[in-house]
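Here it is, the structure in full.
Labels run A, B, C, D and E following the written order; every chain starts at residue 1.
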């Protein structure tokens, strides 16, 4: 896998995912409320890149992850892997090119199966290799994530959260996928354990030349880990660009607020800011216009309430904000 | 704390150890185990055959006839012992029927959801819309009074309850990430149901099945009472009770012993079921 | 509120569907029951085939099955449940009359069984692992494991024959004249202010009520106990204690209501059991209720009676389920919206 | 263990809360879990103390012990809990109950679960006010409305009538805070009050807590696993590990110059923008059933030596900076 | 809301007097099942007969506990020598409970509504008429007090039939005013008149003060339904009821021995036994039937399951009745002989024989399940595997009719106290597919039965019926078990109540001490 000009890429093109709102009575003819989980999202992650998706609850980041694996069907738009639409792809082929690690290490492993079986299951499902080769590869994979032969016959409950997440990573990587989606893989873990898992992920990405989409609400983490970052709010990407640049000079007002609200023990000098007001609106009835206008300190006028800003490229970054509507020169100093 | 406390799969010994901390459940298990032994060895334990006639009739318990002699001269002890096999079989078969159909339907409904769920559960509603004793009576009458048909009737009326338990458990399990993880690696629906869902919903089903076993034996007794279950001279416990009922006020021992066996059996299944439920429910384990 | 109404409509629609399907199933089942209703009725003496055919024709039983079903269903929709094959009396009024008798018993048993069950359950949960807990739970299990007819006869021998406190059975003493206002005997006696009659009816109700309530009370107690134990570990219980409530105060103010939700479900289900269990209880206590009427109908292959009774049972269970759902919203505000 | 009596007085002023040598055990089927082993700390009036540590280190149990609400089968074995000099553990149950809500109040991690789902917010806050202040319902209601307004809930009349499920997480936590402060407690214990909330809401709630603390003059114990939250909000931080306090210091001092190897390694595990690599702590937390004597961190500590087999005493290494370690990390 | 309450209050006031306690002496009669109909024409079950017996009467009635006939609504009668035309003189001055007088028109109405298909009040539901009066062509009112009944064939048993429910005379006024409702509001001439009927609970009757035979000694009769035998007996023991019928056979001795209770018994006119299906493959061979008859220990079954109540039987009719054979050849319990017979017939060991049975006790069969169990065990000993089909009662009736069995548990108790009422329906080939359960088509028997029913000569009839009975015994068509009895349990303070062989409970003279 040389760093060719066109590396294999996973991309979402104008992807939207909508669900029927839960708990609605199902008259066949009645119009049920719709959750607009993901709205018109486009991203492209080449192999080898660590791409971050940031956002608070309800922003659609987990749905985006599931849509990338075709675990939920998009309502509009499409996902392509290496140029091929996943919608028509045979399930096993898709699964062997992109895999996922889930948030909750306590529930993402079947408590009734042994670790060896859990990890080997992928190979069994895909009908790869004979028993001996499977066993060999399972052990090799476990060793790669820092576990060993003595763990093969154990059940998940005998492991700590960090170890379980390693098992989950092993299960995902044994199929040798090109891409790995990680949905908040460390949010249930303690700091010290998180550090171990993060280091493991970094190392595996390097070793296996993986394209990673890392989803998290923790900006400190994403700032540390990722190459590029997309910030989502109410199903839409509001800002996207190289991580370093975003942290150095966040453009979208929401990004600004989010970074400011993220506590850090090292910013002693930081003047405590007045926290952003209000609550996150519902994604069943999102506000008209810019989704963030209800809480935005930089609101520039009625246009924010009525017109949805487009995602525009601005100084190497894509930003969805009316502040940056005009030519770059006019909008001048970013906040 | 939550899932972590579930006993490991496959470890029967571990489960027994956990159960051993609940004396009442262990009592239940012990009684059931001895009943099973009695059922298996019944023809060797029972001093007489089910329809051996002695000279006397309606004689109270004595050393020669531990439970007395019944209204037409049969040794009641032998009949109760021989009945163990029949009554346990009723419970197992009836619950087996409920379990097999109920779990299949419930898992399908819970796993696929949507119209499959709606269709299956509406049908279950139809069965549930009647008090189940009534329904069992109706089915047993329609099929004709016999032991087999009684078992089928009792089995059928409990299908919806098992379906509901299985569906609820499936719904809870389907939401869990490991099921999504299985989809993620490309496992097919049958494989997911077999490998990920079924093993994890067995807990509540085993509990419910255990509790139902007692109920099924009791329901068989009610059917027999109404003349719809096992037919005399089959020494089913319910049928024994039914026959003895005529002598309840004159020869109470005829009712007492079969009744005691029914009671202790149902009690034991309930104690065991409760114990299993406690054991499997992490919240009650403190 | 609109949502509640909408849910209600959907529930009613589904229920109607369920009852419609049930009616077909039961119609089929009844025809599967071996034996001929006319023969069963006319018995053994000199009934010729010609006579049989004549009676069948008069009752419309000679028509094809689907015609019989459609005609019956059409009449039921108009509120006419047909006439009993056994004695030609209109089915619906008879069913309702007996239902009212059964209903009073079922309501009394529900009240007794539920209140006793909840009380024992709560105390058991709060005094977990005490003698009281073990004793009442073993007692509860005994209740679930005891054949109803046993309990009934034991109660009669003890309380009626030996102690002579209650009558052996029946609805009222024969020298009490019931006045039908609503058709509910106890209610009528209260409405008309006949205290002697009220007392008489109550005396007759005690033993069957206890018999009927025994097993459900046990079940309610077990459910309540489990439910309270579950709730008692919720954060809001700790929060209540943290703001200075006593343990008893927390149980009374915050545990009970939340613990009641699964209990209400069980009580709702139990009403079905009361109705079904009433077959045996009504027989033991000579109670002229619905269960016995239907049982006689089944034994005599009296199609209109059994079909009507089953529609009625299903309708009651549907209504009970609705009431249970409504009481959820009374107990749990989350359901209301 | 032997450290308890030595526990120095970090604050010269008479402390509002003084926990000394607190030992707490759980008798489980597997054995005796020594959940707290000689925990000693103090909280001065009006002070905000952060109690930090990883899962299972005993921070929440400490809070519960102070409230007198140790969950079964937990049992306090020794030590004392003094509030305003009064030993709470010596009090009859009824008197300790009276302390709750009026002198010590608590805020929970998941506000929606800490509110009774079947009771209105109003009824619960009125209940708290009546219990703590022994006032009648009308007055309690006035006070409740006032308090709801103070915690930043607009339209308190409406909030009074709502149920927990009708509120967002942030609003529910505000309501929970109102219930905690309505009794006028001088000590508020917040157990991970923002862990279940979004970052932007977390900031609001933390800001609210700080505002209230200043306005009402009450002390706050902020229990959190998030070092950033502790750093930004607390005057002083107490670090716990495996049932013991390993270090306590003023917030800035702690992060500038962590002295205990555990604290130091923990800080180096934190991801943040610009960091090259993380440095995870090897090994795992020891089993609290019959733990080996001595420093409980020793098995993971690269600095550990033979002397660590004895339990280190708490020693003051800087101004109000205490550490329980024989080989503390010296600031370089 | 308020209006409703007001209405209820007004209604209550209007009805309040109905609460008043009834005064005077009341007989409470307990039984297991409620009546279905109170119209004697519609009466089908013994429970129906019971209550109608107290409210209605026929032209004649049985005399006391005997099978003799005495005048009732008719004072005298004559019959033409061919036995086809019967003329009855009615008792003058008799009034129905509704006040209308007894006359020939009422008798004509009572009969013709039951069989004349063009009668305005005819219903197919008048089902029993055909079997009792199938040959009647019409009833003529000669004058107001004289009625003539015309038949196509001789009627030797007419008077017996007139003494039971089908022949009861109803008030034409009441019945024609509301033909549908007559069954729930009946009016007859009997000693008690209808007051109320709470279905499945009780029926209340009051004394008919205008009764031609003099008013009854008690004011009221209340008939209560107590389904469970045990409970009913407990109620009797406690004194809640004064009388009850069909006591469990196992309790008869105990009740009779009690200081507070007594039992009155009377032999029933019929038998209990097991029919063979003469057309069946297995038991179609007379040797097999005889073998089975020898193999079954009938004496023990009688002792154990009939509790020695009644008579251990070898023939259909009870001792003392017309057609009873004193020295009929009986099948002694002899398994060896049975085995030999089976061997002769070439029946292999383990041959399956199907038995159609029922589980619920019947008045003529107290413990069917026990009897079946004993028969099964007995037959197993001679190598026959009895396959028991325990049918519901409705199913039993249907299967019995079409002969779906090799052997069939059953019996016959007739309300017509004449051999013709037993032997003709049970053994004449015309009755195959109806009550001839044994499916017997024997020319000898057929001829004897037809000759006997045509004759009015009692001696001749007796001889013919005896021959028929012997022939039936030789053919081993039935395993006879018992001539059962009817019982009436009562409190010792009850006097004057009894039951007759026609299964009528006689309460005309009942009184309470």
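In this section, contacts are C-beta pairs under 8 Å (C-beta built on N, C-alpha and C of every residue); 3 or more make two chains touch, one makes a residue touch a chain.
Bear in mind the structure is a predicted one, so any value in this text is a computation, not a measurement.
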item: Best-connected chain pair, where connection means C-beta pairs in contact; value: C-E
item: Taking each chain's C-alpha mean as its centre, the one farthest from subunit D; value: E
item: Where subunit D and subunit E are represented by their mean Cα positions, the distance between them in whole Å; value: 89
item: Centre-of-Cα separation between subunit C and subunit B, whole angstrom; value: 24
item: Interchain centroid distance [CA atoms averaged], subunit B/subunit E, Å; value: 45
item: Where subunit D touches two or more other chains at once, by residue number; value: none
item: Touching two or more other chains - residues of subunit C; value: 33-34, 153, 157, 299
item: Residues of subunit B engaged with two or more neighbouring chains; value: 141, 144, 245, 248-249
item: Sites on subunit D touched by subunit A in the complex; value: 54-55, 168, 170-171, 198-204, 206-207, 225-233, 252, 255-256, 265-267, 269-275, 277-281, 284
item: Touch list for subunit B against partner subunit E, complex; value: 51-53, 57, 71-74, 141, 144-146, 227, 231-233, 243, 245-250
item: Subunit A to subunit B touching residues, read off their complex; value: 26, 66, 69, 71, 91-92, 94-96, 99-100, 102-104, 106-113, 121-122, 125-126, 155, 157-158, 168, 171-172, 175
item: Residues of subunit B defined as touching subunit A within the complex; value: 2-6, 8-10, 118, 176-178, 180-188, 191, 195-196, 199-200
item: Subunit D to subunit C touching residues, read off their complex; value: 67, 69, 94, 97-102, 105-106, 108-110, 113-120, 124, 127-128, 131-132, 163, 165-166, 176, 179-180, 183
